[in-house]
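In what comes next, chain A is part of two complexes: it sits with chain B in the first one and with chain C in the second one.
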Partner chain A sequence: MDLVANNLSYKPDDQYHLKDVSFNFKEGNLYTILGRTLSGKTTLLKTIAGLLTPDSGEIEFDGKNFLKIPVWKRNVAMVYQQFINYPHLNVFENIAFPLKQRKIDQSIINEKVMDALKSVGLLGYENRKIQELSGGQQQRVSLARSLVKNAKILLLDEPLVNLDYKLREQLRDEFKNLFSKGLADETILIYSTTDPRETMELNGEVIVLDEGKVLQVGPAKEIFENPNSLKVAEISNDPPMNIIEAKISDNQIRFEGIDVEAPQHLNKLTEDGLKIGLRSSDIELNENGHEFEVELAEISGSETLLHLKRGDTKIIVSIEEVLNFKIHDKVKINFKIDRAYAFYADGKLASSPFGSLNG
Partner chain B sequence: MNFKHKYFFLFPGLFVLIGILIFPIIFVVRLSLSGWNSYNPGLDFIGLDNYIRLFTDDPRFWESFFRLSFLSVTTVVLQYVIGFALAHMVWKDIKFKRFFRVLFLVPMMTTPVIMTVIWRTFFHESLGPVNDILSNFGFSPKWLTDPALAKFTVIIVEVWQWTPFMFLLLLAGLLSLPKEPFLAAAIDGASPVRKFIYVTFPLMAPISIGAIIIRLIEASKIMDTVYVLTSGGPGTSTETSSFYIFIKGLREFQMGYAASMSFTYLIIMIISLTIIAKVLTKLLLKE
Partner chain C sequence: MNKLYTFLKYFFIVFWAVFVVAPFLWALTTSFKDFQSVNGGVTYIPWVDFEPNLEGWKVLIKSPAKGGVDIVEPYFNSLFVTCTASFISIVLGTLSAYALSRYTFKAGFVKNNDITFFFISQRIMPPIVLSIPFFLFLSSINLLDSLVGLILVYIVLLMPIAVWIMVDFFNKVPREIDETALIDGCNPYQAFLKVVLPNSIPGLIVAGMFCIIFGWIDFFFAFILTFTEVQLLPVKIVALNSSVTPWWSLSASALVSVAPLIIVAFIVERYLSKGNLSGAIK
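What follows is the complex of A and B.
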């Protein structure tokens, strides 16, 4: 049972929220929609759920025109980034709600709700009021509510974004477990996120969305290794990939008075306006390196993010330890240039360290 | 804040409260223990005689009281149902939403007594436009002079006059509801009807209780409509408690007796409204 969309467009105001989005989702797979805020992720999920009707295009599920089926008959489940539950019901009643909408025996409902409670780790909370739970627990309740109905399509709209860092990691692991536990056999899982790390960890098929358009589709690894454009490289890296305007000639990459020997996959490129892309983790501190000036140093978790500047070139370096720097300090860095990407002036990928794109 | 004379500043408010609430209640209690009437004005003391007369020898008071209960409960239920339906209608995105919202409020902006005079003309047996139309089909009901039908007419006018108030409260309630549970319910497989029963209605319960209680208090005072429309007639078939008390007190000037009725009425209303509020809370909020 495939979920197929053709040229979905949605333009409620003067901007496209979705533009010619097409996809073919197969059951038993996990699809991650990666995009920045306002890229159209939620719009796309709402369109699949039936909360929005696209201006043009079609969605088919199991060969049937999905757009003609009202929301409540679509058999989809959705978890939102805000923890949406029913404030007037307790935990048990919340989770039982989708089952109560069909004619199901109370004993079966009890059993299923208890199963769902167990799988999200909330056993013993069934009589609590929703307002008495923490954010993470509320999100677990809405996850349980979406699991309990065995929907054919499970939509998760940035489910972790409003949780704190610790809980996010914990729930992310639980998600991975849930998704791999047979649940996925006959379900289409669609997970939207802004976080590249989450995308890589979930390791599903990735759809990169920006300004309502699909930029690239492929397995997580493929998106990470061979982003087909500058945009995708920016979206799929956090912190965003460093983009350096450089010239390549005589086997040398030249920028800001620095000459670096071009690696094999870059040395045949001679076009003007090339942009070199290098991940912040592919730059290291080195005594014998090139001198840059510190603009800002931020410590996030166990990482230090250094914002550096030389001439007009600004780059971000992430260092896997906590270091203290002052603004205007001089640091010396080295580029792991064999991991560099090159993009043409129009943003298309010219060359990647992981070999060329398919075709 | 520890200011020596802080209680001094309570006096203006306290003074007004005593003047317009506490004193009248105490005075009514004292009055009810007197035999003040037009032959014998003055605050003499006759003990509980008025109350004994009320509880043993005045079926007309109790009839008017049960009539009042019937009228107020019926009108408030109708107002709630119609008001909720209208509010629900203009809550959704429909065309001319703003126009309808204002339109439904128009009856509330009119003067009840004047509107009742117009309604009386409407329902006039031989001259009113209602019977003018109905007579074409061979009907000419006695809207104001048939005992059963007169009650019905009072209900129509009351519902027309006060549904907008209910509508306003309920619309404000609907507009203040969170949107999220409705999104969730649609996806959870609830059809529009079930969504109303399982989400909208329970979420509206606290507001509904408030609106119903406010209207019940107001409706128990039905007086102007009855006074203008039927003057309690035919016979006493539309006479309500407040109207009966008005007749006894301000037409027959049995001030002492009217005071004892007023006080009894006040006590009954406080007790019954408290019970109703408790029952509604239990029923709608499951608490």
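What follows is the complex of A and C.
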């Protein structure tokens, strides 16, 4: 049973929330929608759920026109980024709610709810009030409520974004376990996120969304290795990929008075206005490197992010170490230039270290 | 310093308690007095300062033929009109508030906020402005001097309060809760009844309390729109006045008329102290 959409557009105000979005989701697969905030991820999920009606376009599920079926008959499940549960019901009643709505036998409900509680690790909490739970536990309850329905389409809208770091890691691992155990072979799982790392870890088919438009579709690895445009490269990297305006001539990449020898996959490019893309992790500190000035140094976890500047060029370097720098310190860095990407002036990928899209 | 703080705290609590309770106690003692005890200087304690008697209370239930002012029927009229009008206002007001909070209405330049304001604007107008239209309207449909007519008018007066409070309340209930209910298999009516309404009980109680208070204390419309057939309590109490102000029966009637509100206040206070009002929605 496939979920197929054709040219979905939704424009409630003067901006497109969705523009000509098409996809073909196959059962038993995990799809990740990657995009920045306000890129249309939630709109897309709500459209699939039936909470929003697109201005134009079609959605078909199992060969039937999905847009004609009201939300409450669609058999979808959705987990929101806010922890949405029914505050007047306790944990058990919350999870049982969708089953009760279907008038299922009480003994079967009990069994299913207990199973769901077990799979999200909340056994023993069934009589708690929702308000007594932590954010992570609340999100587990809403996950359990969406699992218990055996919905054909499971929508997860940035389910981890409002959790603190540790819980997020933990819950993400549990998600992966749940998903890999195979919810059911017929389920289509759609997971939206802003976090490229999450996308890579979930390792499903990725849809990159920006300003309501689909920019690229492909397996997570493909998106990471061969982003088809500057935008995708920015969205699919955190921190965003460094973009350096450079010229390539005589086998040299030149910018800000720096000459770097062009690697093989870049040395045939001669167009004007080329942009070189380099991940922040592909730049390293090196005594013999090029001098940059520190604009900002932030420590996040065990990583140090250096915001550097030279002339008009600003770059971010991530170092897997906790280092202390002061603003205006001078540092010397080296580029792992064989990992560099090149983009044309219009933003299209010109060449990638993993072999360009156009061969 | 700490002692001073404690002292001041209790001083103000006691001061405020006296400020609130004293008038009631005064009314209570006065209701058992007669002409002589009221006019014979300041007296407080029954049997010691003055000889209590039940004349002030008896007047309230004696029929006019026996020189009393029978407030029993107006009392139940008032209860009936207030409760019915409040109930209908809450039901209609809650439904319209939900619609105004969740759905988008547009008729030319009129949008949701304008409709909400229209409801509130009914309360902004001074009652005197509404009195003549109400009078003419009720007389044209033959409902002057009737309970039904009064209930209609009170619905017009009370529903804006219910709408106003409930729109604000529903706006604070996350929309995602309704959406989740829809996704979980509720149609929009079930979503409202099974999910939104149970989470709005605190709002309903507050709105209900306001409706009952405003309905119960209204004198103006009860005075203008009724004559002899139907009388409400506030109007009847005024009728107690005669050439000699009967302080004792006025005090007694003040106490019985305020009693329902005190009962309501105690019920709501119990509910409030459980903490259900604040913590229902995060």
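Here is the rule we go by: the second predicted complex is superposed on the first by the 356 of 359 C-alpha atoms of A that agree within 3 Å, B and C clash if a C-alpha of one lies under 4 Å from a C-alpha of the other, contacts with A are read in each partner's own complex, and residues count from 1 in each chain.
We take it that contacts are C-beta pairs under 8 Å (C-beta built on N, C-alpha and C of every residue); 3 or more make two chains touch, one makes a residue touch a chain.
Note that this is a predicted model, so its numbers are computed, not measured.
Asker: Do chain B and chain C fit side by side on chain A after the overlay, or clash?
Answerer: Once chain A is superposed (C-alpha atoms), there is a clash between chain B and chain C.
Asker: For A:131, is the partner it touches chain B (first), chain C (second), both, or none of the two (neither)?
Answerer: Touch status of A:131: second partner only.
Asker: Of the two partner chains, chain B (first) and chain C (second), which one does A:98 touch, if any: first, second, both, or neither?
Answerer: In the superposition, A:98 contacts both chain B and chain C.
Asker: For A:80, decide between first (touching chain B), second (touching chain C), both and neither.
Answerer: both
Asker: Quick check on the superposed pair: does A:123 touch chain B, chain C, both, or neither? Answer first, second, both or neither.
Answerer: neither
Asker: Classify the contacts of A:108 with the two partner chains as first (chain B alone), second (chain C alone), both, or neither.
Answerer: Touch partners of A:108: none, neither chain B nor chain C.
Asker: Of the partners chain B and chain C, which touch A:145 in the superposed model: first, second, both, neither?
Answerer: A:145 contacts both chain B and chain C.
Asker: For the combined three-chain arrangement, which segment of chain B clashes with chain C: 55-63, 145-153, 235-243 or 271-279?
Answerer: Clashes occur only in 235-243.
Asker: In the superposed arrangement, what residues of chain A touch both chain B and chain C?
Answerer: 49-51, 70-74, 76-78, 80, 82, 84-88, 97-98, 101-102, 142, 145, 149
Asker: Mind listing the chain C positions that touch chain A in their complex?
Answerer: 174, 176-177, 179-187, 190, 195, 198-199, 279-282
Asker: If we count contacts the way the header does, which residues on chain B are in touch with chain A in the complex?
Answerer: Per the touch definition, chain B meets chain A at residues 178, 180-181, 183-192, 194-195, 198-199, 202-203, 205.
Asker: Where on chain A is chain B touching in the complex?
Answerer: 49-51, 70-78, 80, 82, 84-89, 97-98, 100-102, 142, 145, 149
Asker: Which part of chain A faces chain C closely enough to touch in the complex?
Answerer: Spelled out, the residues of chain A in touch with chain C are 46, 49-51, 70-74, 76-78, 80, 82, 84-88, 97-98, 101-102, 131, 142, 145, 149.
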